[in-house]
Amino acid sequence: MPLPFNARRIAVVAPHPDDEILGCGGTMARAAAAGAEVHVVVVTRGQPPLFEEELVGWIRAETLRAHDIIGVADTQFLDFPAAGLDQIRRSDLNQALSSALSRIEPDLLLIPFIGDIHLDHQIVFNAALVYARPRGSGGPGCVLAYETLSETNWLAPGVTPAFIPNMFVDISETLERKVAAFQAFQSQVKPQPDERSVEAIRALATLRGATAYRYAAEAFVLVRQIY
Amino acid sequence: MPLPFNARRIAVVAPHPDDEILGCGGTMARAAAAGAEVHVVVVTRGQPPLFEEELVGWIRAETLRAHDIIGVADTQFLDFPAAGLDQIRRSDLNQALSSALSRIEPDLLLIPFIGDIHLDHQIVFNAALVYARPRGSGGPGCVLAYETLSETNWLAPGVTPAFIPNMFVDISETLERKVAAFQAFQSQVKPQPDERSVEAIRALATLRGATAYRYAAEAFVLVRQIY
Amino acid sequence: MPLPFNARRIAVVAPHPDDEILGCGGTMARAAAAGAEVHVVVVTRGQPPLFEEELVGWIRAETLRAHDIIGVADTQFLDFPAAGLDQIRRSDLNQALSSALSRIEPDLLLIPFIGDIHLDHQIVFNAALVYARPRGSGGPGCVLAYETLSETNWLAPGVTPAFIPNMFVDISETLERKVAAFQAFQSQVKPQPDERSVEAIRALATLRGATAYRYAAEAFVLVRQIY
Amino acid sequence: MPLPFNARRIAVVAPHPDDEILGCGGTMARAAAAGAEVHVVVVTRGQPPLFEEELVGWIRAETLRAHDIIGVADTQFLDFPAAGLDQIRRSDLNQALSSALSRIEPDLLLIPFIGDIHLDHQIVFNAALVYARPRGSGGPGCVLAYETLSETNWLAPGVTPAFIPNMFVDISETLERKVAAFQAFQSQVKPQPDERSVEAIRALATLRGATAYRYAAEAFVLVRQIY
Amino acid sequence: MPLPFNARRIAVVAPHPDDEILGCGGTMARAAAAGAEVHVVVVTRGQPPLFEEELVGWIRAETLRAHDIIGVADTQFLDFPAAGLDQIRRSDLNQALSSALSRIEPDLLLIPFIGDIHLDHQIVFNAALVYARPRGSGGPGCVLAYETLSETNWLAPGVTPAFIPNMFVDISETLERKVAAFQAFQSQVKPQPDERSVEAIRALATLRGATAYRYAAEAFVLVRQIY
Amino acid sequence: MPLPFNARRIAVVAPHPDDEILGCGGTMARAAAAGAEVHVVVVTRGQPPLFEEELVGWIRAETLRAHDIIGVADTQFLDFPAAGLDQIRRSDLNQALSSALSRIEPDLLLIPFIGDIHLDHQIVFNAALVYARPRGSGGPGCVLAYETLSETNWLAPGVTPAFIPNMFVDISETLERKVAAFQAFQSQVKPQPDERSVEAIRALATLRGATAYRYAAEAFVLVRQIY
């Protein structure tokens, strides 16, 4: 199996743990299996009083277990306050995220979508693109935005930016690993018909796959690709 | 189960047989079960040399069987040439379609999507809206565009009009009838991972459902609704 | 006169008092007359030094008078600072608004438009949609964005989100009540040719009506409807 | 009163007679009063069997009367079949329209909108822009698309191109002349609440005006302006 | 120099000769130099009376000379009438184009943009995408739309589809070959400030390059990419 | 040379010094040469620790030198923190900017584009439009957004607002002055292939010019124009 995107170093930016699995867990697993170095940067951490300390500890452990299943090489936690990025000086966030990504030097960068309902996602999208500006010959040659069930369909697509994918990655061989990684987040898995159910994850993979004549796929919006 | 949309008379316009099942078979079945009169207008008919006469005969029979499964009250066939609407004088098409729809006097009108790759779909979308102009106090109070697997995702969504649904109809209780109706079109059902596979139909229903916290749904783009 | 939208419990979110009247006063009045329970949540309150205390008191009284004319069942004031929502922790706003709306349990939710020039409107749009996420079988089955004269046309429609209505509610019988309710805000009514003039309100109602072959209408952008 | 747009030679392209009055009758009247030479090119002519010969004759006379009221300097009739432009070889239409416009050498070109429901409007929009290509230093410095009541709001704005105006022309002093010119088309004036009623025309003028703090205005979408 | 896109077989569809050079001459030259097989399908041929027979003969020769400069492996001429695709039965065009492309079996397909002012370009865009439907595991893994000076900027971008590129191909080393190939079309090269001037071609390359931190680039809109 | 736009008083809002030169230096120079009064409002000032005090001093001097080259009549510095507008109470910014612009009373207002990657640009776009609301008969008759190399192409055009120009100003005679003014910012000029290189500036001018059949042009998105 060849490396998807020919990418050797991949960085995935997750506003909150599990976004990266929902959005591109199968792609990460496929890339890792093919020899790419897959890095994740988790931007926020739940903090009291919005989130209980104990729960946050569990989620951290679940995250690492999920990343282990996927084959993530390294995970950085930036520990900004979850559901609180609007309170952060944007230049501080930009600097912290750019610094984390510079350590990775990815040739493929995967980020959440600006049309997601969670303000943290919108802010992270912008911050990640500040890092990705082609202001030198380095920098990621490809930037893709991923879709996140329970976020991407619930703002006002069509009024706010709609996720209209143009890039499809075959995950037929890694869908099960994606599902397993998501299930590592025990507190986050919901029963059908929730968008965060295993059934919804499988349905999305089947649908995105069918559009590209594949058994399962993850779909992305291309932000910029340079050859 | 209340009537969806409170509609008592529903007209579905299908460029080709089976579009109406893929697009809104579950909604039709639900409405029919709830007492609404569901009508279908099939705009085209395959014609030699593009289509073999025998195949066309079969498809006609399959269509009626599918409509029987759904509970369609009446089906009109306009018999314009399939894959040939671009050759038809548009005023003739408008007139024929308006005439057929006027006989129905629907309060809910379901039409294909203008962003579909098939030119017949694009043309039918326009022709149906000519009928639906609010030039009097009658006319359909609600016009919805449906999505058609193997058509809607394959033009260039985002460059050409993208199907971004804002209307969701719960079809949890009629999904099986939709699948059965589609399977009546023996020549049209494809094995996975084709978009015209039963698996893709189920996946789409599950995904559209999950977005609305339902087990299964059909999704639509609202063109116009008047209360 | 049947209930518009079949809605029995309606919640209207107003960033500032009078937005709800400009946006959907006629619809509220029609729904109330038909037996629906109409609730309003006013998100902000003018505060010194931006607004004089005395003026704010008057506006509060005018608001209640206007709501009385319309037939509003109940009005909640959240008292966040007007023209200051950008200074509020977003999670606080989300929580307060969700809490207010949860008390109402609306089946129809009416919100301002994200493309309005006032940042408060943009923020309220997002906050209201956080509440409306279909994360359970409850929640509003229909979410509509309304247009506000002096707000919706003055950002940069087409560059920023444009208000392109697809839902029209006949207010022929309640337009006068809408005008009367707006005139209750003595300090807010401007002479023609201001967008906040009675003439502009009537012109908008006539135009939106004509598009739907009605004498007067209010128009909305559908965010999401679930049947 | 200065010349609007500084234009000295104005060409208005009308798919059918009265489109130009609905779309920009007030602007034409203002420009003519200020000394500009206003030309109209009427692209189609009703033809049997779609249109009765006698009616067509009347409309021709009404057109000239309307143009007289407005102060139109010259009217060219291209006599392509109304509701039949889809049957015309596009290169023939392009050539005929370019030839007519070349005789005028306008510095301001006003055309119908591509999102109008009438296919003739869509086709004329494209044909007029072929003429307007900046392939030399001549050509119109400004191209604007106008809105036509009963056409522009009735396709599927938002799915198909939406008329989102950014150019407003004060017609406070010429609105009455516009209304009078429209009333010259006796067969085309409809009673309220039709979009082709005088009330709808006035409401649109008041609304477009209010958006620009004027008593009455016509609104346009700028296609291209060169200084 | 690695193969751009890893593509080994590339098909470029040109409505008229020289579109393919303006749109992606540098990319073709780079790919050819790197060992890819580059094919061109020219859809139309000028025909009397719109075009003089002699001129058409010259252009055919110029085309082959240009393709020789670029390193095109093979050129197919479909000989549909230039500026006359609207007169062609669409199913005939689809069939002819699909047949030509099937002989090539490209993994990368380059097509004109649907927002170009020339109707031939719009029609070819649609026809090429009919071929590219992912209805099997073969088919092009990547479909890109190219921009054509004198076509892409002159419809009504923003009202009609705008060319907003997201894919950039470095042509620093092949820009000169592109310019030379374009100059092979002696009748088509115009002096500055025409969009078809060498200066405009260089400016576009420099600008698209700068956006991607390259000395020269061609830019594309991604229609669909499958990995 | 006539006054472009007939504007006699022009205000240009620059989030940071040099944005105004990149975006509309040539237009300002042409207007100034033709007798218009050109004013610039620079919204931010670099502040420690993000920016070194000494560098900021230099840039202030460079700004004034650049404005001198262009022929700017007057420059106001609002001194909000650069890269820190998200930390400013929006009502304070609105008030300060409105106050500065009210002193100018421009009939033409030039502002940065909301789709620029720098959050300061996005915020300034909104703040400037608050000032420009047509809430009286004064106010700027024309509002244009300009493009800024190194900002406008680097968010996610097409997902975020894309700069699709419809207004072109011939700067053939003032391009050299624009380049000279930009070179006054010694610290900001970068070598090719950076977007902030002189080569990129010239390429953009040539391309925008060619689209309008001019040797050089600056392009704008029209926000609103009132005649």
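Letters A, B, C, D, E and F mark the chains as written, and numbering starts fresh at 1 in each.
The rule we apply is simple: a contact is a pair of C-beta atoms (placed from the backbone, for glycine too) under 8 Å apart; a residue touches a chain by one contact, two chains touch by 3 or more.
Keep in mind it's a predicted model, so treat the numbers as computed, not measured.
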TODO: In contact with chain A and with chain F at once: which chains are those? Just list them.
DONE: C, E
- [ ] Match interface D-E to one of E-F, A-F or B-C, accepting only the pair for which over half of the contact pairs are the same residue numbers.
- [x] A-F
Task: Interface composition of copies chain A and chain C: same or different, split at half - done: different
Task: Between chain B and chain A, distance of the C-alpha-averaged centres to the nearest whole Å - done: 35
TODO: Could you please state the distance in Å, as a whole number, between where the Cα atoms of chain B are centred and where those of chain F are centred?
DONE: 50
Open item on the list: Quick check on chain D: which residues sit in contact with 2+ other chains?
Closed with: 134-135, 154, 158, 166, 194, 211, 213-214, 223-224
- [ ] Select the category (line, ring, star, complete, other) that matches the graph of chains linked by touching.
- [x] other
- [ ] Go ahead and list every pair of chains that touch.
- [x] A-B, A-C, A-E, A-F, B-C, B-D, B-E, C-D, C-F, D-E, D-F, E-F
Task: Residues of chain B defined as touching chain E within the complex - done: 50, 83-84, 86-87, 117, 119, 150, 154-156, 159-160, 194
Open item on the list: Under the definition above, what is the set of chain E residues touching chain F in their complex?
Closed with: 149, 153-154, 157-158, 162, 164, 166, 192-195, 197, 199-200, 202-204, 206-207, 209-211, 213-215
Task: chain F partner contacts - residues on chain A that touch it in the complex - done: 89-91, 113-115, 125-126, 129-130, 133-135, 145, 161, 221, 223-224
Task: Interfacial residue positions of chain F with respect to chain D in the complex - done: 4-6, 134-137, 139, 166-170, 211-214, 217, 222-227
